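Below you'll find the structures, each written out as structure tokens.
Consider the two complexes below, in which subunit A is the common component and subunit B and subunit C are the respective partners.
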Partner chain A sequence: MIKPEEAALQIKQRPAFKPASIRPNLRHAAIAALAILAAAGIVAYIIKLGSWGEAGRAKWAYPTVALMYILSTAAGAPLVAYASRAARGYWALPARRVAELYIIPATISYILLIPILATLPPLEGRSNLWFNFHAGAPFLTDALAAAIMVLAGVGMLWISTVPDLAVAWRANGELSSWQRALVFNWTGTTRQWIAARIGTKVFGAFYLMAYIYTHLVLSTDLGQALVPGWRSGIFPAYHALTGIQGGLALTIVTLFLLKRYSSVGRFIGNEQAINLGKLLLATTLLWFYFFWSDFVLVWYARIPSEVAAMQLTIAITYRLPFILGFLGLFLIPFVCLIFNPVRRNLWSLAAVGGVTLVGLVFDRIRLFVPAMSHPDPFHHSLGTNLPDAFGPSALDIVFLIGWIAIMALAFIWAASRLPVLGGWELRHGAMLRREQQFMKGHVYVLGKPD
Partner chain B sequence: MQEPVVTEARTTDRELLDFVMRTPRWFFGSTVVFGAILAAGFAVFILLLMFGLQYFGYSHPVYWSFPIVNLVFWIGISHAGIMVSAILRLSQAEWRRPVTRAAEVLTIFSLLTAMLMPIVHSGRPWRTLYWEFPYDWIRGAWPNPRSPLVWDPSAIFTYLLSTLMFVYIALLPDLALARDKASDPVRRVLFTILAMGFRGTSRQWRIQAIAGILLSAIILPIFVSVHSIVSWDFAVTSLPGWHNTVFAPYFVIGAVHSGVSAVVTVTIVLRKILKLENYIKADHIDSLARLLIAVAVTWGFFLFLDFGFGLYGEEPAEVATWMKRTFEMPWLVLAPIFIFTAFLFPVPMWLFRNVRRSFKWMFITTVSVNIGMWLERYLLIVPGLERKSDLQFVYGEFTPSWGEGIIVTASFALVMLGVLTFAKLLPIIPAADVKEGQILAEKFAVGKTDVPAAMRE
Partner chain C sequence: MAAEQRRELLGLFEEPDQAADAFTRLREAGFGDTDLEVISSTPYPEGAFGEAHIKHRLFTFPFAGAICGLVIGTAWVVGAQISEPLVTGGKPIVAVPAIIQILYEGTLLAAVIFTVIGILFESRLPDGVGLYDKRISDGYIGVSVLATDPKMLAARQSLEQAGAVDIIAKDGSIMSSPQESTAS
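For the complex of A and B:
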């Protein structure tokens, strides 16, 4: 019988369970290393801004990889929370807040988005999704899409955190006026509870739509619109899917680290591993399906412009990152996840999640570096002479690693300020789940009130 | 969470087997009506054999029309059974129980109907057989394994066989029940053979459950591959309007959209005519409608990708095809009808709880979806072929013929007659599954409220 951790079932309504935040310490070697890498990332960002204009768009190729990586992983994670709420998946209760907190690193990535959008060439004379609609496209439109996504995500996080924050702050005495304002004067009336439940779902639905739309416009404007002849309708969906795959992998790895290194680990266990493992396997299979749907058409139709674009991103120029991405996003996870013992154990699942996250970096390299480094997007085909691969400089590598460290630190900061577990949702789950005797065995009874 | 069905096990058996054991008068009437429509369809087919495709008025360049539209449509509908049955079984959704059998049966008959369509489409089928058999590997000419026209039959036959296995495994307990309840000796012998000695021992139940779960998992990739391959019939060509990498998932999700809608339509009709009100409740239709909202919105996204990336490259031929599909008669009228009936009308309606729980409105909206989805396939296939391309000197506008209309009507009659005949022979609601749901249903108090619950092993 798959059941939640004992601690999650033992939470009673009274006395109120006080959801904990984590307490990071700079003296801890891993945190200190992250801080150093993050500082290096900020320095690299300032250097890139300082040399604005030199080498043009190509200089921002690897920062675009960092941006799209963060938007794929950190921005994908909150969807785990929304999807489990929409599908009433109680198994995800301890994972929901963890996943939602990743909206904070996704918000910080906005700092990268603005200069990258500013490097984009004019729309005239090249394929674009805006059909030469000039009112702010692509700069304002893309920035607006990402802003709406971030606002919806922050809204979802805030609404779901209000009941827990009210409990945590009340434990320290009366609330100040600004605290009351932040928690909407939360006292736990029936009306407030209904509003909180509806609010998380509504913001979640908006977040999902904004996430898909943001991936549609950004993956097109920063990716295929800059490579002449690259015309793939499935590409935005592929990009959004790999983002969800990355979000799942990131949630799994974070849950493992919390279980291993924090006091909230007792709420996290194999129930989460089994279900997240199934989802990761499903997205892994979908990765192959989407990739194959794209590949087989180009291979079969043999239209020269499409074949050249495929040779650039897959077969010839960026073959190595493609192979590494293929291994990390499909082959290794698939071969591991088809075995039940791997999916049922948070440790082994986190290892697979780690491989997926690494594979995603290479996938983003093969998609966005050729696009951002291509000097002349104003044609309908690449022709027969493929451009050379654009390798990373030392500064690019520092940038990429530094911004991944910034993402991790932003999460740790958010998790130290806000409760890392959704206390009210855990209590709700504990009330609706119980174990009981049935004939000669034990069963697990799941209440579904709505 | 659905309110569990609250009837005694014996009452459940009796009510669900009522139509199997007793034949109401309307059954004969409906059989005659469907049979007459089928006969008309068969007559058209004979005329087609005699006169060839010119009987349908086909001329260059539009040779793909209603039969191919029908092929795609019915394969789409066939996706319902697996979507509802396999996925919901794997995800342990309790509300699936009364609707799975109807969905699976719809899959089988719509798939069989779809398989007839290429035969109709070929006009003179013996010539197709001449090309196909004996299979010529040496010439390297068509048919060859790299052609989607060879992938199609492979995928569809695999899907049909696996669906038959899937349905049969799920049917075993009900076949045993029908065997035990049958008074007619012929039926008893038939059900005895079909039930394969199922007596309901714990070992048999365990094996039946494991086989069902395994088949559910195995059938899912087949289900996705079938409509993907159908989509590649179009997409692997470089014809403007057809060559889009998004076609495979777009077709699959479109198939699920129309298929689940068809399941709702069929379920509502069967509930009414077979008096299954105790088993199919507003909760079940509500759950299917919620599922439909998610499916329809995803389909809408892929529709946008098809449209957006059709125009994205600004290639003149591609743009001209989309212009024709949207702004030239008769497509100028059909395109808005398609969008309205498949998306703009039903999806906002489903957002209202009262609509989701109304059998009348759910019937109307799901029929509307399938009108739209049939039109979608028509809009996809014909304008793409009709447009004059560069090295093409003979072309004209396509006008559907009466014969094609009769073939389409006959295909609907065939599916309906098939489902009805199945319901006459075996329970259309899985009695064993419903009874299992009753056993697993629980209730417990949370505060002042009794919360419906279900047991999980």
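For the complex of A and C:
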């Protein structure tokens, strides 16, 4: 019988369980290291901006990797919250807010998006998604796509968090003016609860739509549209899928760290691991499906321009990042996750999630570095001479690691300001879950009223 | 004849069953759906207290937004294509496949913005209700009653008989042993 952690079953309605935010300590070695790396990432960003124009687009190749990595992990995580709400997966109650909070680092990645979009060459004379639409593409359209995704994500986080903040603040007396402005005088009427329950799902649905679309346009405009001859209708779907895979892996790793290092960990356990493990296995298998569908078509058709693009990103020039990505995104997770004990344990599942996150870095390197570093996208084919691999400078490495640290710190900051667990959803879930005797055994009874 | 002014009473209950009982008694005393409201820190299943089914129109807001966004998006792309006509790949100046992405963006953006408006409207925010007590934040259930002066006594008796631990009016508690409360 799969059942929640005892703490989750014992949540009280009165006095109402009110989850706290986490209390990060700058003196903690890991937090201090993250802060130093994040500071280095900001300095690297300023240096890159300061030398604007030198080395052109290639200088932003590794920052593009950082951007697409954040959009593939932090931006993918909130989908866990939406999916579990849409499917009424009560197992995910302790994971929903954790996943939603990642919209904050995803929002911060916008700072990277703007200069990167500004380096893109004009549409005329090269492959593009926009049919040479001259009134805003690709800069305005791509920035707008990401903005819609962020808006829907912040909306989902807002409507999910307002009841918890209102309850916590009202318990201390009258709301201050800024608190009132943030929670809009929320009191908890039946009508408000209906709006909250439906609102989280509606925003979640829009977030999913915007997420897929953002991956479509950004992976195309920053990726395949810049490599002559790279034409794939499957690639944007592959990119979105690996983003969901990365979001799942990030959620799993974060849940593990919260269980290990925070007081909210007592609500997190193997119930979450069992279900998230299945989803991670599913996305791992889908990785192979999408990759193979894309690969075998080019391999069999043998169109020289497409073969050259494939040689660039997979077989020859960026073979090492591809192999590392293949190991991290498919082979190692697949071999591990087919065994039930690995999927059923949060510790082992988090290790697999960590491997997935590392693999994703290399996958994004092989996809976006050749594209952003290629000097001349105004051709139909790469020709017979493949460009050399574009290795990272020390600044690029600092940039990449620094921005991953910024993502982590942004999450920690958000989790230190907002309740890291969804209190009202946990209380609602506890109200509807019982363990009771059935003949000589015990069963776990779950009510799903809506 | 001018309508009689209604005043609000807020009964506080420790147990949800008591709040449901209060609802039954208030209905028997002649109070209608628009006079009664449950306030809680946790969403109870709809109808758990015997309250009327609430018809919400939240789904209409994204649709209305989507239509507005589609219209604005269409104006943007068609206007841009017509103002600077460029034949690309032998296709028509205004071709649907070429503009579908922009239309999608415009539609989605307006739908999201209208959803925010819809949530505020359907929640009746930022108005909220008149009375609140911070014990609701600790898990007590509040039953709010809007009553005219002749029916105030009936409302109060219904709340007391259902087991209210406190009854609050605009000026504070009206129970014999008042506890700390806040009116907002």
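Quick note on the criterion: the second predicted complex is superposed on the first by the 450 of 450 C-alpha atoms of A that agree within 3 Å, B and C clash if a C-alpha of one lies under 4 Å from a C-alpha of the other, contacts with A are read in each partner's own complex, and residues count from 1 in each chain.
Note that in this section contacts are C-beta pairs under 8 Å (C-beta built on N, C-alpha and C of every residue); 3 or more make two chains touch, one makes a residue touch a chain.
Computed from a predicted structure; not experimentally measured.
Enquirer: With both complexes overlaid on chain A, does A:F288 touch subunit B (first), subunit C (second), both or neither?
Expert: A:F288 sits against neither subunit B nor subunit C.
Enquirer: In the superposed model, which partner reaches more residues of subunit A, subunit B or subunit C?
Expert: Touching more of subunit A: C.
Enquirer: So, A:H380: does it touch subunit B (first), subunit C (second), both, or neither?
Expert: The first partner, subunit B, only.
Enquirer: Give one of first, second, both or neither to describe whether A:A301 is in contact with subunit B, with subunit C, with both, or with none.
Expert: Only subunit B; A:A301 stays clear of subunit C.
Enquirer: Is A:M431 in contact with subunit B, with subunit C, with both, or with neither (first, second, both, neither)?
Expert: A:M431 sits against subunit B and subunit C alike.
Enquirer: So in the superposed three-chain picture, is A:N185 touching just subunit B, just subunit C, both, or none of them (first/second/both/neither)?
Expert: After superposing on A, A:N185 lies in contact with subunit C but is clear of subunit B.
Enquirer: Just checking: does A:W413 make contact with subunit B only, subunit C only, both, or neither of them? Give me first, second, both or neither.
Expert: In the superposition, A:W413 contacts neither subunit B nor subunit C.
Enquirer: On the A-aligned overlay, A:A196 touches which partner chain: subunit B = first, subunit C = second, or both, or neither?
Expert: Touch status of A:A196: second partner only.
Enquirer: I'd like to know which partner A:F334 touches here: subunit B for first, subunit C for second, both or neither.
Expert: Once the two structures are laid over each other on A, A:F334 reaches no partner at all.
Enquirer: Where does A:S232 make contact in the superposed view: on subunit B (first), on subunit C (second), on both, or on neither?
Expert: first
Enquirer: Can you list the residues of subunit A that meet both subunit B and subunit C?
Expert: Common interface on subunit A, subunit B vs subunit C: 129, 131, 431-432, 447, 449-450.
Enquirer: What residues on subunit A touch subunit C, complex-wise?
Expert: 12-16, 18, 129-137, 141, 144-145, 147-148, 151-152, 155, 159, 163, 167-168, 170-175, 180, 184-199, 202-203, 206, 209-210, 213, 217, 424, 427-428, 431-432, 447, 449-450
Enquirer: What part of subunit A is in contact with subunit B in the complex they form?
Expert: 1-2, 127-129, 131, 212, 216, 220, 231-237, 285, 289-290, 293-294, 296-298, 300-301, 303, 380, 431-432, 434, 438, 441, 443-450
Enquirer: So in the complex, which bits of subunit C are touching subunit A?
Expert: Those in contact with subunit A are residues 14, 16, 37-46, 51, 54, 56, 58-59, 62, 76-77, 80-81, 84, 86, 88-89, 91, 95, 97-99, 101-102, 104-105, 108-109, 111-113, 115-116, 119-120, 122-129, 132, 134, 136-140, 182, 184.
Enquirer: Which residues of subunit B touch subunit A in their complex?
Expert: Touching subunit A: residues 1, 221, 224, 228, 232, 235-238, 243-249, 301-302, 305-306, 308-315, 442, 444, 446, 449, 451-457 of subunit B.
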